[in-house]
Amino acid sequence: MDRSRLEAFSDGVFAVAITLLALNLTVEGPGHGHLQHQLWGHRWSFAAYLISFFVIGIIWVNHHVLIRSVARVDRTLLFVNLVLLLFVVLIPFSTATAAQYLPVPGEDVKVAMALYSAVFLGMSVGFASIFEWTLHGDHRTVPLPPQAHWPARLRFAGGSSVYVVSMIVALFSAYAAFALIALVAVYYVLEQTPTSRAAPDASGSGSAGG
Amino acid sequence: MDRSRLEAFSDGVFAVAITLLALNLTVEGPGHGHLQHQLWGHRWSFAAYLISFFVIGIIWVNHHVLIRSVARVDRTLLFVNLVLLLFVVLIPFSTATAAQYLPVPGEDVKVAMALYSAVFLGMSVGFASIFEWTLHGDHRTVPLPPQAHWPARLRFAGGSSVYVVSMIVALFSAYAAFALIALVAVYYVLEQTPTSRAAPDASGSGSAGG
Amino acid sequence: MDRSRLEAFSDGVFAVAITLLALNLTVEGPGHGHLQHQLWGHRWSFAAYLISFFVIGIIWVNHHVLIRSVARVDRTLLFVNLVLLLFVVLIPFSTATAAQYLPVPGEDVKVAMALYSAVFLGMSVGFASIFEWTLHGDHRTVPLPPQAHWPARLRFAGGSSVYVVSMIVALFSAYAAFALIALVAVYYVLEQTPTSRAAPDASGSGSAGG
Amino acid sequence: MDRSRLEAFSDGVFAVAITLLALNLTVEGPGHGHLQHQLWGHRWSFAAYLISFFVIGIIWVNHHVLIRSVARVDRTLLFVNLVLLLFVVLIPFSTATAAQYLPVPGEDVKVAMALYSAVFLGMSVGFASIFEWTLHGDHRTVPLPPQAHWPARLRFAGGSSVYVVSMIVALFSAYAAFALIALVAVYYVLEQTPTSRAAPDASGSGSAGG
């Protein structure tokens, strides 16, 4: 079984989800105050759009790299991949909810940011599960040496734990949690510079936490 | 005629339909009560999202397997596939309708769950029709021995009959019908474990009812 | 230049447009009368969904066949194809407008059905333009003999003229125009039976009018 | 690393964004005046739809040509491509905003057209960045001779500068800026005629500014 349809379907879901993010962006239109004030009033929506866009983009890039290491696709992989996509599809919803509550400090915005973090956590755990699947049997084209398994798993756990931390932080300060998620996204994007790429990338999927 | 565009178009429709499911998920926003209460108030929407997501996911996996057994694509297959997709595209609508009525016990929720079941039934019959098409002429790369035709057909009929049953059950209890559809989805997902995969899968599409 | 990205992008647009059709399908929800009455009140929406779905499906099948006859893709083809897609993307809008006005006999529904016909006409002319492009230079893998050009063109013109007729009919009776478009869609679907496929299909795109 | 998934994901985003453009097209429905008056009242929406459709279409065609010149895909390219897509995904939003304000002369429509221009500028700069990336290392299958680098860069800068100009023009006259963007789109489409294609196209991506 080849991996082309797995990639095609996943790419389709990633592409639709990333594009639907922008459906949350609207202005009220004429008669609701100056347009620049309306745009400024939606600044949290734009910030949330930007961050969610890059988080989906990072996971797409890493999905790209990880699936390329897969020797053959079986039904287990198809279903583990579905769990990943289940959370990807929820991102426009969690982003819209975050954007609605970020302008209103209080208890609810903490819940909104915990939800925002939880959806990213689900996505991250789904992605780590695909990686775990690749470690077993003859699932990789180039098997990872056993001594590299735990370091790689730890890196994946590190990626996921960011979102556990941001869920906890959200209960104290929604804005600190939002900043943390933004910083992690910036870090993963910057990590992809030519310099960092020169470093060895034994696992083939070093930055999977995004 | 190769099958790549049939797969690409179908994957596109599956991907868009599965992602549009989440458009039904919204909260009312600030000033409409605590966010956690709003989320709890939408619990049926989340449950319906989850079940519809996996039903589409299961049919996508099975579509993947079934189309791979096809030797050549003709116009008949393209149109039978369109009938399948006609019902896949209706799933976000039937899911949204189910989610609207599940919180309100009464006569209408029974109609909503009958509609929800009917759309899945249409999808399931469309899928069985593709399978039936593969049994004729030289449509399969590896022909199925004639004595395997009827057992395979019965399995497909079994998959479809689940939704006939849930339509009938819905007229008595919408919630029992919803639970039945959920159980069937869970069954199909669990069936895909490594252990069950070890079992012979003569038809190449054993679990087509989902 | 190969044709794979032309197909991938077109398939994406076809898939999104055909799935967005169903966004027009909604019910008012609890407190707006019995659900079955609401569904019945939307019967025109379902009818318009069904017809537009099959018209897009037919044009997708024919696009599939026509592009397969193309030897190489150039920028002219890419832009002519864009014109086709411009009208495909308008179909959810024209369908929604038709569905809004079909329940209300009067002058406006005639305008709505003329618009509905005009969008299909634009799509049909765009498709015929792609065919015309294939007749020139070395654009086809297997050149069509010159004496087959005009018969093929006439068939394409016949397909487009259906929508010219339905535009004119709409000015007298919107419902007659709707029935005409529905009948043409049914005709094209039925034409794809195994029997009709046995007939010679010299142009490789015999039923392009849909 | 091959370029197929980069193309598949990008094509998906382009296809969804171009189709979502038409979600902005709606009429108010029965009881809101004659349908032809409603359609006329939305004439700016149709104009904005048309222009944005072709701008996305042009950039898709050029993306197609540019990526085909790429020898191998690395993570830097994946992220630069994401920046391009970030702005493509914003086009339905900026188009909807422009369509809302174009019927209402005043200060706000100038802001709306500056925003409309700014999103196209971002897209254009993202596209030029991909081209810049192709000039370095062994990123092209057929390296561009060094003396061709600056002429090609100037052409790309010319394409981007159109949107800088339209942003400035918008501050004086929103309608002049809109006409400028429309003219540029028409120019790029007409440039693709068979005659102009006969001209040498050394960079493989001559019209990247769109």
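Going by the order they are written in, the chains are A, B, C and D; count residues from 1 in each one.
Criterion: a contact is a pair of C-beta atoms (placed from the backbone, for glycine too) under 8 Å apart; a residue touches a chain by one contact, two chains touch by 3 or more.
Nothing here was measured: the structure is a model prediction, and the numbers come from that model.
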Far-end chain from chain D, centres as C-alpha averages: B
Homomeric contact chain B-chain C: same or different residue positions, threshold half: different
Between chain B and chain A, distance of the C-alpha-averaged centres to the nearest whole Å: 27
Between chain C and chain A, distance of the C-alpha-averaged centres to the nearest whole Å: 38
Touching two or more other chains - residues of chain D: 8, 11-12, 15-16, 20
Residue ranges of chain D in contact with chain C within the complex: 7-8, 11-12, 14-16, 18-23, 25-27, 29-30, 34-36, 39, 50, 53-54, 57, 60-61, 64, 68, 189, 192-194, 197
Parts of chain D lying in touch with chain A, wherever the complex brings them together: 1, 5, 8-9, 11-13, 15-17, 20, 74-76, 78-79, 82, 85-86, 89-90, 92-93, 96-97, 100-101, 103-104, 107-108, 111-112, 115
